[in-house]
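Each of the next two complexes has subunit A plus one more chain, namely subunit B in the first and subunit C in the second.
Take a look at the complex of A and B:
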């Protein structure tokens, strides 16, 4: 296994945002069966080490592609963009909306209004799906996107990351 | 992770929570957020005719350190001129609250928020001054369990 292969190529997937999860899972299983360190038990030390490193590489690749935020971040880097980091800024409009959503969730939680919390959770899930839909339309294939497209994609990935944290928080409130 | 006494004190009794009408004369609003931890912070100042900050409000959704940082900043800016408020550094906030290294980004967020509020006030009131950069959000470590 060539560990310089990009993660999409490693699993024989097209380099785009939209993900065929079934294909990824199948390809991951096939690959792991081939590189699993156990299959190298009888081989020499260097073959064994290579198997361990290959398996680690495949695991990391799988985790990144499977995660909607990390997959986006990885795609940015595939197109020579900096990874998400400290200098990234969310738009004021997005933050304003999010502050309102947080306020609504807080009020519902204080009031013990489970229905309201669940309805907020449903809109949040819809918002996450919407962000992913936009990203799928921005990263369609191997063609180098324009700088504007990349900047737009970055904002959507950041928004998705932010929404994910809010979703964790809502889950906690609903389970509490 | 253990919070310092001062963080807990601000977390349990946050000062100046709330909002001003952002269209009101003399009000400047700063909105900043950290995508990686989902924190969002709104900090507002009310500036008097003499250019002194008369009052401040904040709303923060985030961890205890983010809430304490913004609460502290609203206390600090009252009675300060815009230039004095601009000079507040995240290191002072972090020191006052005894923030551990993994929580420094919360104090940076609060510094960004006050700078953004001042920039908003200046752009609304047409005060001439050096161009303020839009406050930057920061990455942040995974959420601690605050419960």
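Take a look at the complex of A and C:
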């Protein structure tokens, strides 16, 4: 296994944002069945080490591609962009919107209003799906996107990351 | 001596299969299983008992007794008879809470706990190794030779220190560890392959001292662990302890001597087990002070006093579901593992939580060892001969791993439930001008503060060239192998200076202690070799007896009365010797028996050749 192969190629997937999850899962399992350290238990030390490194590489690739935010971030890097970092900022408009949603969630939580929390969760899920749809339209294939497209994609990935954290927070509130 | 005659036409003997076994090293009892013909079975001892009580006693004459032989000493020889040692693996005194609850004498120590026994100070690794040695002997006796390798199971929620300690114990017992396998995963393999299960399954594993919950997706031979959670200090023992406390309270007992604590704990366990089948259990004991205790415990009261323990198992269930991003409706089945899941209140709670009755059509004590045996068999390469199709196991790391950063906070590098093996790197930098060294503190756990996590290791990267603060780029890489064991390395990217550790847990054993234990085991190596030779000769004797008896049943007409009597006598003497421990005497008797049966063997050989010839048409003989 070549550990320099890009993650999409590793699983035989097109380099784009939209993901065929079934194909990814199938391909991941086929690959792991070949490189997993279980196949090298009786082999020598160097073969064992190679198995660990190959499987670790495949696991990392799988983790990145499966995650909607990390997949986007990885695509940016595929197109020679810097990964998301501290210098990235969200638009004021988006932040204001989100602040309101968060306040509503805190309020509902304090009031013990589970129904309200669940309706907030539903609209949050819809917002996440919307962001992903936009990203799928921005990264359609291998061709180098324009600088404007990349800048736009960056914003949407950042928004998705923000929404993801909010979703975790909501999950915890609903479980509690 | 050749007594086994294969017919000229019989198929070639099957390809030599490698001997492999799966070991469930449990808190309460341990067991070993093997899958020599592809089908896993647990291996019983010479009396047909499958479960080996995980109890080790250091006797007056230097002898070490493991299992049933040690059980009667639990209450009588408390300091030298150790039970539930699994709870001490990879643990320091501070981790154990109130050690007065346990009837042992503790040695002063910084690392892993050590017990004072009459055989000297013993750490949990050495004590566990005794249990593993007993299981190794059992397996090698029954499988007829040295084990190529074993799979040893650990609770999924064991941290790095506990895993390292387990692997060390196996090494000390002379075992080649093919893989450390998570207990719920092992159970899922055994259950899944046996029932052809497909879908999402939860394994609820409440053992003697540990609780695990794992969620797996089973799909066409792939066992993918989606999430695991648990409590490595919660198990059946705690239910015993609740009953024990109830006895103290109900009978209004004064503080007790160590042997009375043991006695009442044993009685508490019996009462718990009785309540699995019955509505009430009698608690009756006479203490060393002569005081007589007689009480009746009802199932209802037992459920009440253990309710918070049952509830405690539900939190990890919720967390595991959340980490797997699943809800209760997604679960196709719930498999119960571990003897403690026999308790009715557990079954009710699980059924209520998942809104479906749990699957109980397997032996909760044996399923983990069976799964480990299947895995061991596959890992040594016997897999291709198995009837089942190929399968693959994908497991996760149970706890987050991170580094200490400024202010005693944890920077997480590897989140819990990440697929293993894995490699994860992160860059750090210096925070002072001219800083030439970086202290690296590796921790494991879910909490934000270092003080609330388990400290795994500390090491230093030295020789960083003096630079302004923030200029150095130090890449720290975490690697977790398929056993779930961690190694960490640090490298300054500009100069390439490197430093690494295989994590030797702070609560583990230092290198000196490991060396000492290995040296100790060397001095016992002669005994071990003797023991192995004895086992091998016993197996050989067994085979000779069995084969001769088989031959006698078929061809006894080849012998006259005197010859027959001589063979019978030789076999009888051999059968007797075979029970004993005297290796030289057994070898002598075996040689005699071989001689006594030699003539018979050669006559059978002649007859069989004749038979083969007369039974065939001439052309077939010529062609062969």
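Heads up, the rule we're going with is that the second predicted complex is superposed on the first by the 176 of 176 C-alpha atoms of A that agree within 3 Å, B and C clash if a C-alpha of one lies under 4 Å from a C-alpha of the other, contacts with A are read in each partner's own complex, and residues count from 1 in each chain.
In this section, contacts are C-beta pairs under 8 Å (C-beta built on N, C-alpha and C of every residue); 3 or more make two chains touch, one makes a residue touch a chain.
Predicted model only: the values in this text are computed from it and were never measured.
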item	value
Touched partner set for A:84, first subunit B, second subunit C, both or neither	first
Partner chain in contact with A:92 - subunit B first, subunit C second, else both or neither	first
Partner chain in contact with A:121 - subunit B first, subunit C second, else both or neither	neither
Subunit C versus subunit B, contacts on subunit A by residue	B
Partner chain(s) touched by A:130 [first = subunit B, second = subunit C, both, neither]	neither
A:103 touches, of subunit B and subunit C: first, second, both or neither?	first
First, second, both or neither for A:164, with subunit B first and subunit C second	first
Shared contact residues on subunit A - subunit B and subunit C	none
For the subunit A and subunit B complex, residues of the former touching the latter	84-90, 92, 94-96, 98-99, 102-103, 106, 158-159, 161-162, 164-166, 168-169
Footprint of subunit A on subunit B - complex, ascending	31-33, 35-38, 40, 42, 59, 61, 134-139, 143
Subunit A-touching residues of subunit C, taken from the complex the two chains share	149, 178-179, 222, 224, 318, 322, 378-381, 390, 392-394, 418-424, 479, 481-482
Parts of subunit A lying in touch with subunit C, wherever the complex brings them together	29, 32-33, 36-38, 41-42, 52-53, 55-57, 59-60, 62-63, 171, 175
